[in-house]
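Here's the structure, in structure tokens; my notes come after.
Letters A, B and C name the chains as they come in the text, with residue numbers starting at 1 for each one.
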Amino acid sequence: MTSDLKNILETLIFISIEPLPFEKIRTLLTDFTSEDITEALEALVQDYAQKNRGIQIVQVAGGYMFSTKIEYDPWIRLLLRVERKNRLSIAAMETLSTVAYHQPLTLAEISAFRGVDSSHSLKTLLQKRLVKIIGRKKSPGKPLIYRTSNRFLSYFGLESLKDLPSQEEISKILEEKQDAE
Amino acid sequence: MTSDLKNILETLIFISIEPLPFEKIRTLLTDFTSEDITEALEALVQDYAQKNRGIQIVQVAGGYMFSTKIEYDPWIRLLLRVERKNRLSIAAMETLSTVAYHQPLTLAEISAFRGVDSSHSLKTLLQKRLVKIIGRKKSPGKPLIYRTSNRFLSYFGLESLKDLPSQEEISKILEEKQDAE
Amino acid sequence: MEAFQGPLDLLLFLIRKKKIDIHDIPISAITKDYLNYLDQKEKINLEREAEFLLIAALLIYIKSQMLLPREIVQEDDMEDPRKVLVDRLLGYQKIKAAGSLLREKENKELQKWQRTFLPPSDPSNREEELELTEISLFDLAEAFFILMKKKERENMRTIKGKEVTHEEKMEEMLDYLEKHSFLDFIEYFNQQKTISEAFLSFFCLLELIKARIVVAIQESLFHTIKVWLRKESPS
């Protein structure tokens, strides 16, 4: 029975193109308890985490999904005949980091944090669906308010915003930089 | 090494949109002999054929590909039904935006604007309560008149319809997109 | 100026270069460095220039504040005129550092690949498959007629090709399938030279599907329809 539950979970995660949230699994599998599902999920993730597997189940953006393991990237690019995937520009990354740590906020606020006009980078991020409009601010001019999207989370392999680099990690980076110079 | 070859094969089959032919694999993996590849493929297919797996590797149209197992089809259908229900199709999204920006209006007006019959999308939107009927037009046939609902506003985090992103704001983003392409 | 994301970036660079404590910036010296740097650069993007000058003005303002004789007040109440700047620099520094950590994650994630298509269900289970991933003839016809409309609009060239017979077309399609292993519906129909030939190949395709020689699958909603030769097709 447990093996069957594990198989069902494997199938559901496999068939889902977007990260499959635990809550959704629970509403689908009404015959199983939350504990059973949690346990089977853990066992399944564990199965794929083994060395002798090329694919894995990752937890991103609040859900489970299949992805390949990093070390096989060269082979995939060989198969698909593609170069390395494009990275965000420095400006876009800075803008995204600003949104991530200070959200929700407006374009003017982003530009103030960065000291430069950020409309161009923000457009790029909207197009890439890494940032979304969530409404308007109740202030003069009623500027649009922005937030990071679920896609942002899966783009960086984060389960939730709580997994953003912490204050300690950031401080560590800054100290290292100081030491290096 | 054999395990690594098996992992590579697993990854390639996983990511390939079409069934992956043996010949293609051979031309990609020049470091391995045909025998090694055959052997690793068989082992891989065998791995997945075990009872305690929900997915499998099958040979179709002269190639290898992942597929789910028959016995889990009911679960897949359950998931897809839920997903489909929750997702707005492109047509529905188009219809919704037409209503949002041109309300109040009739079905004929929506269809004329989109250039396609929009009765189906409109039905979906009514079911999702994103659009509501507010009365009948005093014109031949007395067609129903539609508007977006309060639920629409709260769904998109808007206080009022005045807060919808303006034509200028959106066209700024879209123009950029065209430039990028 | 290209190398710096903006004036704050430049300031941070100058502060680090001189190994200055960010909480105790010697404003006079750093202002001099900053203005020198602006002078060195001849080509400044006009848009950016305003932003760089804005911070220059802030620096000069802070400098002037610091030169003013301080009133005798309690240390605690005294606001350091540099505080505004220091807060901004610290905030920006944090954003930049977080960005570099996110960059590491990005590098890692970009090497992972996800499927972007729906995998088919077990192909041996055809009845089930029909329901799930195989598209109906209606879908196929609909897609086709939309296509035809488009073709008509494009004022398709009416160069008369040679008359193609039903058998020839059928054979041509099977050859194509055998060679390419699959056939992209939209692409294939776009390649047809005349409307009548396109119609003919469409009806051939319907026959091949009905005879269960090929299978048509739409990988995900709104994607192109792909036609595959069934492996165990009746010959």
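The definition used in the following text is that contacts are C-beta pairs under 8 Å (C-beta built on N, C-alpha and C of every residue); 3 or more make two chains touch, one makes a residue touch a chain.
What you see is a predicted model, and the numbers here were worked out from it, not measured in a lab.
Going by the contact rule set out at the top, which chains touch both chain A and chain C?
Where chain A and chain C share a partner, that partner set is B.
What chain is the most remote from chain A, judged by the mean position of CA atoms in each chain?
The most remote chain is B.
When the C-alpha atoms of chain B and chain C are each averaged to a single point, how far apart are the two points in Å?
17
When the centre of a chain is set as the mean of its C-alpha atoms, what distance in Å lies between chain A and chain B?
Result: the chain centres lie 19 Å from each other.
Hunt down the residues of chain C that sit against at least two other chains at once, touch-wise.
113, 115, 117, 119
For chain B, which residues are shared contacts with two or more other chains?
11, 14-15, 66, 68-69, 76, 80 - these are the residues of chain B that touch more than one other chain.
Considering only the defined contacts, which chain B positions touch chain A in the complex?
The contact residues of chain B facing chain A are 3, 6-12, 14-16, 20, 24, 28-29, 51-55, 66, 68-69, 72, 75-76, 78-80, 82-83, 156-159, 163, 165, 169, 172-173, 176-177, 180.
Quick one: in the complex, what on chain C touches chain A?
My answer: residues 5-9, 16-17, 19, 47-48, 51, 55, 88, 91-103, 105-119, 220.
Tell me, which parts of chain A touch chain C in their complex?
14-15, 17, 58, 65-70, 73, 76, 84-85, 87-88, 90-91, 93-94, 96-98, 100-101, 113-117, 155-158, 164-165, 169-170, 173-174, 177-178, 181
Residue numbers of chain B touching chain C in their complex, please.
Contact set of chain B toward chain C: 11, 14-15, 17-19, 21, 56, 58-63, 65-70, 73, 76-77, 80, 89-90.
Which of the residues in chain C come into contact with chain B in the complex?
Touching chain B from chain C are residues 113, 115, 117, 119-125, 128, 131-132, 181-182, 219, 221-222, 226, 228-231.
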